[in-house]
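Shared chain: subunit A. Partners: subunit B in the first complex, subunit C in the second.
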Partner chain A sequence: MTRTRRGGPGEPRRIGWLYILPALVIYAAFLLWPLLHGAWISLFHWDGLGTGTWAGLANYRQAFTDPVLRGAFLHALVLVIFYAVLPCCIAFVLVAAMSRTKIRGLTFFRTVMFLPQVVAMVAVAVGWQWVYSENGPVNGFLRFLHGLGLPDWSRGWLGDFTFALPAVGLVGTWVEIGLAMVLFAAGVQKIPRELYEAARVDGAGPLREFFAVTLPALRRELSVAFTLTTIAALRNFDLIYLTTSGGPGDATKVPAYEVYNRTFNTGEVGLACAIGVMIAVLAFAVTVGVGRLVEGRS
Partner chain B sequence: MPKLIRQGVVLGVAALAAVTAACAPGSGNDAAPATKAPSAVNTDIAKAGNVTLTVWDQEIRGGQNEQMEQLNTAFQQKYPNVTIKRVARSFPDLQKTLRLALSGDSPPDVVETNQGYAVMGAFVKAGMLLPLDSYDAAYGWRKRYPKGLIETNSVSTDGRTLGTGSLYGVSLQGEIVGIYYNKDKLAKLGIQEPPTTWVEFEKVLFIAKDAGELPIAFGNLDKFPAIHNFGVIQDQIAGKDAVRDLFFGRGGTWTDAANVQAAQKLLYWVKQGYLTKNPNAVKYDDSPVNFGKGEGVFLIGGTWFAVDLEKTMGDKVGFMLPPPAQAGGASVTMGGQSLPFSITSKSKHPDVAAAYVNFITSPESMDIATEKGLLPALKPPSKQPESALQKEIFAAWDAVSRSDGLTPYLDNATPTFPDTLGGALQELVGGKATPQEALEKAQKDYADFLQKK
Partner chain C sequence: MTSGRTERIFNYTVLIVFSVFALFPLVAVAAQALHLPDLDLSTFGDAWRQGHFGTYMRNSLAVAVGVVLVATLLSIMSGYALGTMDFRGADALFYLFLAGLMIPSETVVVPLYFDLRSMNLDNTLPGLMLPQIAQSVAFGTFWMRAYFRSVPRSLIEAARMDGASSWATLWRILVPVGRPAILTMVVLTAMWTWNEFLLALVIINSDEGLRTAPLGLSFFQGQHQTDYPLLMAGALIVAAPVVIVYVFLQRHFIAGMLSGALKE
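On to the complex of A and B.
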């Protein structure tokens, strides 16, 4: 008797589930279950202590309509520019420049650029708090310029309603450049030299060479770097918590900070979970979107 | 829809349905809230058998820590059958872990909670703290403490109204927001005695500014500090009764004329340059440091700064209450007591826990606090403070306790107030909001809360 198989050859078999079971159990217990449980709690008004009352989508509605929370999401989008767009662009230019010429002590520079990634965020925050402080180096330099006859641009950066968010954002730029650069530098090394030589033979200038050779070859690295840095921007909590606590006023509030704030300070656990779910959805959308746009995956 | 996504959606819905079968969050806590105080109280701890008492406190700073250790050792010597397991955490850490610990199955027996709706109110509402009334009957805490201090540790049993109902905790130390002054700077300005009236105080601010000195050191990066400055001004303009009524939700609004005037006064100080420049960029903890270095003639701050300031400034620093409107009158300021020690409703040894709470708030304990350089909530029976600054703080505490001149910390008026009032005041001192706008923001939060309550 011949054994009959359901489905054609090459079709996934059920036994496949068994193979991934160990990993799946752990994944489900520590990631899927908390995620679903969080989503479930987000449908309740719950102070984290007593029994919750059913809220339906009220928490989500509040997250969309409350100007403070809506502002927090807007701030997160601004931070995406500072955390993802700027570092990727800067790193790209640096790497493109490096790919054309041999630089002495390249490893050294790469290490220096990557250093911010290695330093703990707490140390980064404390350091930058000093850099931005009233008598810190930034204001010192601006006062020096003022002494030369320029207008006085010095200010309390982290306490300024207009500049606090960009100031925190620039710290993010500083931190993320290293990551983007290391990724791009690794990618550039695998581009065959011949491609550049061919481009040069065809008479391409540096700009043309960049768009015709470097950029297409680095698509995947770009996608990875952009995804990682964007997610870092969306879940930014530590830097805000340590430098401004969301202030002045509500000027630097971000969703991840509000998740913490609503859970532990104000006891709105349901609302915090709703915000958390929204961050997750946003991060998911970004990952898919970047994959499609940059890598051309469908 | 692609197949994969369709499958995902189906899976998701199925999973959600599975959780839906579970119940509302928090309903799994089977222990019914023990809102009733135990009827039979046993004060004979020596016969309670071998007991391990778990205590969570946040008294981790120098003198406070020494005091707790000394008290714990003394208690265990008095009752060798009791072992105290002490867990000491910093204030923010304790606040964050308490929620989780109290909703668990075996919470600590004695915990330091915090006054206000967000902490004590919420815990009481969830039935996690033991009402101490029957223990009060046995130990007489209400007689030991002045009424104002008992009130701030009292909540109605539904957790919705502060200041009334059962007693849920007892505190060890006192706290007042007052005005520190730099004696050298005052002398240099030609002022021999610290100002005795509020008008005189403002005049000194003007003189100081005129002489090129910074009148008041101020750091407001952390959002809440301006609440202390605003509160002190509000106490002078609106008066203690109006502030208390507003705080306890008994009447009045944040946009009442007197409150707006107080915000205007704060803004006036900013505009006149009476406060540190760009205060929203200066850390709260840096303001006493800067003041210690000679930046600022005055510093509006709590008694918790005293130990550090004395270390850096020695006898050059003085402490006074916000001066009254008329010389010799009674001062009014913000203040209260340190975090209350409460007993959890799931504690298996409430009698021992109560005896412990009684022991650490006894008159002898107040003596120990004085020895350690702290401000005890009650007058120590035999010990006296040693340093000049300590003496001034003791005298100030004694004066406001006797004249009933304390108003509650405004941040506790609603669970979200540290953020809303703090944020609004940051906007005020940053020039982003007018006094009216800032207080409208506070009022909105306050009205929303009163309505929900």
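On to the complex of A and C.
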């Protein structure tokens, strides 16, 4: 970033600090300090009550070697497919459908598909728990199919060792489609019409047009959408806490849930803080890494 | 133009299918809660009373209003300084606030719990507000700085020529002009605060009277495991305020999330 000196001689200078001070104090005390404090706690074995003993990097080592915790990070990776990859793919289809022909009610479609983004995650979780429940709409539909002669696929989705994680992931897909779609739609509007006309003159079909014109022009938007949704997958706490509490067994344990679980249920506060730090580091790495990979910027 | 027509039908089909996917769970929840199509509000009343949602909604409102007011005021001031003034350390401060956008609540929530407890701020509404003000200020400073940088330089110069102090220039000229940008920030901050769950769960850990609406809903769910109409009514109560504001101000929500994300 280049710094330009824009002020004249009468420009206020040090007074700038006064304007910033109140914001800085609260920000430093309630966000920066806890971050450092958390990193410090992560270097101790501490149950949250007595005095801790120095652990060095043992908590981080444990996060990599403990099978439950390794599983939690692996589950987060699976959730990335549901939170980031699927929504981005679906959003591309949606945006292609919105941009190739004139669509009536575009604002309506956009408003509706973005709606899951604004609903409190707690309400989303409670609602979807019913959707997946024993006699909920999903099983109702599957039993209807069973009645038509198909096998009976109904089950308690959130209590199933195989299907609980994908079931929770699908809720993430439902939430994040709108975000990716809105980002891509804004990007498509900025693509010069001439590029499409040129592609059509060259005889490009919808598919080739998409890969030759739309996708390259949306690299920045794709990078942002993928970053935001991946971080949402990494930070998933509310949904897991309210629908499965990490169960059945350890089948849906994720890092953010383990931060809470290890602090308040098993008294491994140092370990919990280490997992917290790892979430922050991963989120940062995703931000930088995806930007580089997709946009090719340094 | 058969291919054009086929394509148009295909496009509408895709959009309608995913709109139904987005709406179905929400509509189904509302239908359960309201006993549609008969429309019976009694479950709603039951949920409101049994879940103590009157108290919890009031707490949520108090927290949201407090966070929005303080964070908006502080963000306007710090964004003004970083967007229009040149002073030593300004760039470093900007990056410091920007870093705050990347600190997940999940990383700070455990140390915050112990910090707030040592200050006797756990199980208090200010204790729940302060960390959220800090998060909102990180976003708000970034957001308002972008707005103040977009203001024509001549506007500020002219105010100074007229002898206005930097404080008067801010409140009499720049803030009124910047109302749309400020409204977007207010709407987003209010939504994030209203919907926050993890911080409320950890900070309001024993005083039932101080629970926020999302926290109240989680305990309500614990008590009424499978009484789905009742639970859906609770979910609807908690989600409704933000959804209603969204319906009226959807442009601000979408524009804010968009430009907030793309500028990063």
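Rule of thumb we're sticking to: the second predicted complex is superposed on the first by the 265 of 298 C-alpha atoms of A that agree within 3 Å, B and C clash if a C-alpha of one lies under 4 Å from a C-alpha of the other, contacts with A are read in each partner's own complex, and residues count from 1 in each chain.
Keep this in mind: contacts are C-beta pairs under 8 Å (C-beta built on N, C-alpha and C of every residue); 3 or more make two chains touch, one makes a residue touch a chain.
Predicted model, so just to flag it, every value in this text is computed and none were measured.
Once chain A of one complex is fitted onto chain A of the other, the partner contacts of A:Ile90 are limited to subunit C, with no touch recorded for subunit B. By the touch criterion defined above, A:Arg70 lies against neither subunit B nor subunit C after alignment on the C-alpha atoms of chain A. Of the two partner chains placed around the shared chain by superposition, subunit C is the only one that A:Val122 touches, whereas subunit B remains out of contact. Residue contacts after overlaying the shared chain place A:Gly249 against subunit B, while subunit C stays out of touching range. Set against each other, subunit B and subunit C differ in how many residues of subunit A they touch, and the higher count belongs to C.
In the superposition on chain A, A:Leu179 contacts subunit C only, with no contact to subunit B.
Of the two partner chains, neither subunit B nor subunit C is touched by A:Arg292.
Once the two complexes are laid over each other on the shared chain, residue contacts for A:Pro34 go to subunit C alone; subunit B is not touched.
After overlaying the two complexes on the shared chain, residue contacts for A:Glu221 are found with subunit C alone; subunit B is out of touch. In the superposition on chain A, contact is made by A:Val269 with both subunit B and subunit C.
Once both structures are placed on chain A, subunit A residues 32, 37, 41, 48, 129, 133, 264, 269 are touched by subunit B and, in the other complex, by subunit C. By the touch rule above, subunit A contacts subunit B in their complex via residues 32, 36-37, 39-41, 44, 46-54, 129, 132-134, 155-161, 244-250, 261, 264-267, 269-270. Per the touch definition, subunit C reaches subunit A in the complex via residues 4, 7-8, 10-12, 14-15, 18-19, 21-26, 28-29, 32, 70, 74-75, 77-78, 80-82, 85-91, 93, 96-97, 100, 102-115, 130-131, 133-135, 137-138, 140-141, 153, 157, 160, 166, 191, 194-195, 197-198, 201-202, 213-215, 217-218, 221, 226, 228, 231-232, 234-236, 238-239, 242-243, 246-247, 250, 253-254, 257-258, 261-262, 264.
Across the complex, subunit A meets subunit C through its residues 1, 3, 5-8, 10-17, 19-20, 22-24, 26-27, 29-35, 37-38, 41, 48, 90, 93-94, 97-98, 100-101, 103, 109-124, 126-131, 133, 136-137, 174, 177-179, 182-183, 186, 206, 220-221, 224, 228, 231, 234-235, 237-238, 241-242, 255-256, 259-260, 263-264, 269, 272-273, 276-277, 279-280, 283-284, 287. Listing the residues of subunit B that touch subunit A in their complex gives 15-16, 19-20, 22, 24-27, 29, 95-96, 99, 102-103, 118, 122-123, 125-128, 220-223, 277-283, 415-416, 418-419, 422-424, 426-427, 430, 432-433.
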